[in-house]
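I have a structure I would like to understand better, so I am pasting it below and will then ask my questions one at a time.
We call the chains A, B, C and D, going by the order they appear; numbering starts again at 1 in every chain.
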Amino acid sequence: MNKHFDVGIIGGGVIGQSIAYQLAKEGVSVVVLESQKIGSGATNAAAGMLGANSELEANDAFFQFAKESQRLYHTLSNELFEYSQINIQLVDNGMYKLAIKDDEVEALQQLVKHHSSLQWHSREVVLENEPTLSMGIKGALYIPEDGHVSPTHVCAAFSKSANYFGASIFENTPVHTIEKTAANEYTLSTPHTEFTCKHVVIANGVWSGYFFKQLGINGSLKPVKGECLAFQSSDIHLEKTIFYDHCYIVPKGDGRFVVGASMVENDWNTLPTIGGIHSLLEKVTPILANMESATLLHTWAGLRPQTDDGKPYIGQHPDGESIYFATGHYRNGILLAPQTGIMIRDLILGREQNEEYVEAFSLKRKLAQKVRG
Amino acid sequence: MNKHFDVGIIGGGVIGQSIAYQLAKEGVSVVVLESQKIGSGATNAAAGMLGANSELEANDAFFQFAKESQRLYHTLSNELFEYSQINIQLVDNGMYKLAIKDDEVEALQQLVKHHSSLQWHSREVVLENEPTLSMGIKGALYIPEDGHVSPTHVCAAFSKSANYFGASIFENTPVHTIEKTAANEYTLSTPHTEFTCKHVVIANGVWSGYFFKQLGINGSLKPVKGECLAFQSSDIHLEKTIFYDHCYIVPKGDGRFVVGASMVENDWNTLPTIGGIHSLLEKVTPILANMESATLLHTWAGLRPQTDDGKPYIGQHPDGESIYFATGHYRNGILLAPQTGIMIRDLILGREQNEEYVEAFSLKRKLAQKVRG
Amino acid sequence: MNKHFDVGIIGGGVIGQSIAYQLAKEGVSVVVLESQKIGSGATNAAAGMLGANSELEANDAFFQFAKESQRLYHTLSNELFEYSQINIQLVDNGMYKLAIKDDEVEALQQLVKHHSSLQWHSREVVLENEPTLSMGIKGALYIPEDGHVSPTHVCAAFSKSANYFGASIFENTPVHTIEKTAANEYTLSTPHTEFTCKHVVIANGVWSGYFFKQLGINGSLKPVKGECLAFQSSDIHLEKTIFYDHCYIVPKGDGRFVVGASMVENDWNTLPTIGGIHSLLEKVTPILANMESATLLHTWAGLRPQTDDGKPYIGQHPDGESIYFATGHYRNGILLAPQTGIMIRDLILGREQNEEYVEAFSLKRKLAQKVRG
Amino acid sequence: MNKHFDVGIIGGGVIGQSIAYQLAKEGVSVVVLESQKIGSGATNAAAGMLGANSELEANDAFFQFAKESQRLYHTLSNELFEYSQINIQLVDNGMYKLAIKDDEVEALQQLVKHHSSLQWHSREVVLENEPTLSMGIKGALYIPEDGHVSPTHVCAAFSKSANYFGASIFENTPVHTIEKTAANEYTLSTPHTEFTCKHVVIANGVWSGYFFKQLGINGSLKPVKGECLAFQSSDIHLEKTIFYDHCYIVPKGDGRFVVGASMVENDWNTLPTIGGIHSLLEKVTPILANMESATLLHTWAGLRPQTDDGKPYIGQHPDGESIYFATGHYRNGILLAPQTGIMIRDLILGREQNEEYVEAFSLKRKLAQKVRG
């Protein structure tokens, strides 16, 4: 098998596959090295909410980046289907961010003033649009642009499309070390094969932190475990995604509803905890009228990579090594995957960049003290 | 709970749900009684191929009915999404019916003469369009109109949409007896509840046969178990559905390929047999170049209801009872569900019928001796 | 296939299989008719606790029956292994029934006075024996005789052993009607086959209620759904089964812990509800110190058949028909299966009976108004 | 958390857990670092056959080692239950190694001459003992000592027992590098934690090969993927394990039969292939009379680590580093786990060794050219 590539991507999740797709489409020879199965990390565990507005507060470069990425899904949906025959399940019915306490009403109404795309819906309007929500709510912020996709389908579609353009994708292939060769290339050692590449992209989520140390990067990633559950009910109908107190209910395109996600810090176990699922049930029960009698289908968890300031690392190695980082996407990996793929592609191909983004996601940036909530 | 309805539908598979949807949309009060879970019978086991041309030989009323039903999926796809938020995964890239032996070439080329919509593709053209097919093939019949859907999604979409229009759907509710009341209505007895209905529709697949006897119908249904498997491979790309020797390979919208289906007669067990999966592997291995190294993901089975002449029973009780049958759809339940729903709706509402169809699917028809292959 | 048998047993759960085993071993020709899969009803959903002392209060015939059945497991364990090669996973380390509130301490200490086999263990002793229990407990009733088995294995072992002695077992074979023949035998109609039997045993749990009506029995069964979950934790060690407030934690022989069971009345859905699992997590979290961080593995549910006084129906049809009932075992099906098998065997073979049991479980008994807790 | 231990064991499969148990029991402080879940590699994929006689030909040190390990299971069964409450499902009914061709008859009859414990059973005797075997067989070698266990239960029992004696076990913790410290200890780097240990044991199966290179060991391991399937049938009864042409049928203690295993070299994918399962079905169908109609339950695969001569590496680093290897157990990991645990324990504690074993499994041994079949 070929063991020499222009670009070696470590991590076969949605970020790595998006990068592989953008590069392969430009004719670059790419290999993706995934330690387990494609998407088997944080990707498959995500609910797929495209929450640019609901998740982000400040109107900064990060927010602009997220909005651009969100918009990209509309073109990618057809583009990826053409190359992969995979439908990414884009649903674009917007989101309700609920207010149950009075101060929440105020806070959300404030946002409407600053974002023309947002609207405030009174209790009456909300219950008319979503009659199965509980009577307890006081109103909701309507976010037309925040839809959702199926993360598993998005990742598979990027992967099959990259593969269509010639990218090689190896599962069960963890990279243990990155070493520089005499020829200024990089050797990626796996338990069974060595790959040599001109450029390396580190995109294996929370496990990227290991390479930070190995490559002398001053920064770190911590896992924030997100626990989720899926339920079903013939008494519950939702057109929009529902969001309240970091907890969302996403109506998926197969009749299931996905509820997520808890935030358990520094737990590396990839299965849900009793405590996490318990807290999720506490949070979600008051939101829907018939929640108690709904059928619990499934529970699971994933490890989201969090940086010290909660924003991703997307950029080149500070010392100018031809090593690139695309990790630390925390709760927003699915949302940010399209634009991350384009940004890394342009960095590697030496194309013009949006300097604001380069700055915002640089590994050299001064990290805010407070983590994004 | 309400126990009195205009129409009681026995069976919550794709046929029953399609009927429930068409009736509920007209304002009829409907109850669907499903013995296990929605779609848990033959529906969820099906691959979802819409094989009007590939499955049917003669150009008869049955064929016309199938074609109309196939076309209906294009409008239903949007209609059902609007009411249920469920995407039925319609893929419309056509099908290749392969020729590997010389006589198969001839037979398929004959068909092109009689069906303007069909085309013959030479070996070269086929391999150019589908490069991962094995070199052994001699050509293929191209059937542009035979696409596929996701049966689970179709059934869930019909069900949630029927529910949207007020239909009641009870799972875990098997009907054991149908008895006529003094008021010329019908009592449906289940282990825990009795339902009274003006009209009854029997749509529980191969298990409908039980009511034939109970209702004095001279006819029978036998189960033909269909065993299936799903595989995955980065070396296999298919845009079209592949069909050969009653065996098909359907590229599903999530990167999996579904292979089906064996035909084991009079086996009521709903799990696959060693022999059935073995025969499937024998059949499919020669069709694709890299089949041996593909990953086997899953195996399953379903019981398809077969009548003596292989055509469904869709019609009223011969004695004029207000009992309707929609069963015996054999290998074509998904394909025929939309049109079956409309035909039963019109029968119950006393609307005009296509007499050819009424005749073709009547329970009184003289059954051909030979079963459709 | 043979369609004529001495005894036809409706229901392939642990009760029906125990009866089939006892009869087949005596050379009686037996057929078991199971509507879905062997043990797929309440049997596989049970935790397998043999809680004669923990579950039952009064020292009555029911209690004696339960104790005898519990003891039978010690001989059955070897006997069934010999015929089936299946190990029923009998674990015999006793149980702790916890006291957390003061009145619970008193209540449990009372019991010690009346049952020589029971002991009171102080908080210190309990925590020394089970150090991973939470500090909150005030002591526990130690019940040496209440062990546990694996219900799936018990049911499979009875079934394979019955089969070894010639019993026929048909899955996917629901019985819809029982009709008497001219020859004073009984015809059992299923969707695909009719079986004729000299004697009929109705042992299909909560679904037996359907035959009560059909056979003119004045009595009823209601489903009490029991929801369960399984967890795993390297910080939790339990040698004994733990019981508190109708909720138990059973340490199974594969390192998992099974927690059960909620009690949801008149819900026929066989999947767990959000509300039920929520309540289980509420109850169990205070019992173990490290519960919050334990790994949630799986959730499920089963329908337990409850009679009006909470005691099973085990006996002959009141009108002397050769129809026997073995149902309504509520939370105690696994515990009572061995003795139920023997009692029905002796009734059918006309052997001597313990008249107290015949009386206690008779279908003609006057039902207490209060349901057993 | 404590990050300093006497012994760090890389790999949480049955080999690593057996070593951890033996050391922890001696009061040694031990940490087990498992990259995924306990037993999730080759361990859980194994059928658990204890095939000392059936798998090994020569009467050499390897064979003696295997026999001792096999015998150890009889004492471990009770010992591990005491500490872990886990039953390892030891079944001790022996094995039939079948002869279907004439030369196989001869070959097996030869063996009887050299091994007093073996017996030749004629076709008649075999079919009397195992009536569901196919008529085609010509006789069988009866191996009374070759029983089987449940690998998942054995691994969990070792692990929980090691934990009982104080061992720390971390899942989701892959070790990427081993570096020597100034204090002559070893630092094991994982993506999230560094552990320091006086001694290191490398026991992560085929993935151990990676450390060979890193530690300058001249030797290699290749994966031999073993694909398996499980089936069920009421027409098939087996008391003994059946072995033919590297393919075995193990009657497990829950009524399932496990069939394995294919041998696919140098495939690192941990899922079964279409080709592998196909070959297994080809092999096993002729062995049992009713195989075709048996129910296929499940298929899976595992990667077995094979050395150049097919014998394991069990011993110290050739340069006297305090690094120990326990890997390359190929098809015999479950069989050899008990004795491997004892041998590594004694090496680390400096106890007396059986020099024949030290020699036979040394990393310095001259490897035979021919791999064991």
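Convention: a contact is a pair of C-beta atoms (placed from the backbone, for glycine too) under 8 Å apart; a residue touches a chain by one contact, two chains touch by 3 or more.
Each chain and its UniProt protein: A, B, C, D = glycine oxidase.
As the structure is a computational prediction, the values presented were derived from the model and not from experiment.
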item	value
Result of counting contacting C-beta pairs for A-B and B-D, higher pair	B-D
Centroid-based (C-alpha) most distant chain relative to subunit B (glycine oxidase)	D
Inter-chain centre distance, subunit A (glycine oxidase) versus subunit B (glycine oxidase) - centres from mean C-alpha coordinates, in Å	38
Averaged-CA centre spacing for the pair subunit D (glycine oxidase) and subunit A (glycine oxidase), given as whole angstrom	40
Computed distance of Cα centres, subunit D (glycine oxidase) from subunit B (glycine oxidase), in Å	47
Multi-chain contact residues (two or more partners), subunit C (glycine oxidase)	269
Subunit D (glycine oxidase) contact footprint on subunit A (glycine oxidase) (complex, rising order)	35-36, 171-174, 176-177, 189-192, 206-207, 209-210, 213, 223, 268-270
Complex contact set, residues of subunit D (glycine oxidase) against subunit C (glycine oxidase)	84-87, 89, 91, 93, 152-153, 156-157, 159-160, 163-164, 169, 234, 237-239, 251, 253-255
In the complex with subunit A (glycine oxidase), residue positions of subunit C (glycine oxidase) that touch it	231, 267, 269, 271-275, 277-278, 281-282, 284-285, 291-297, 299
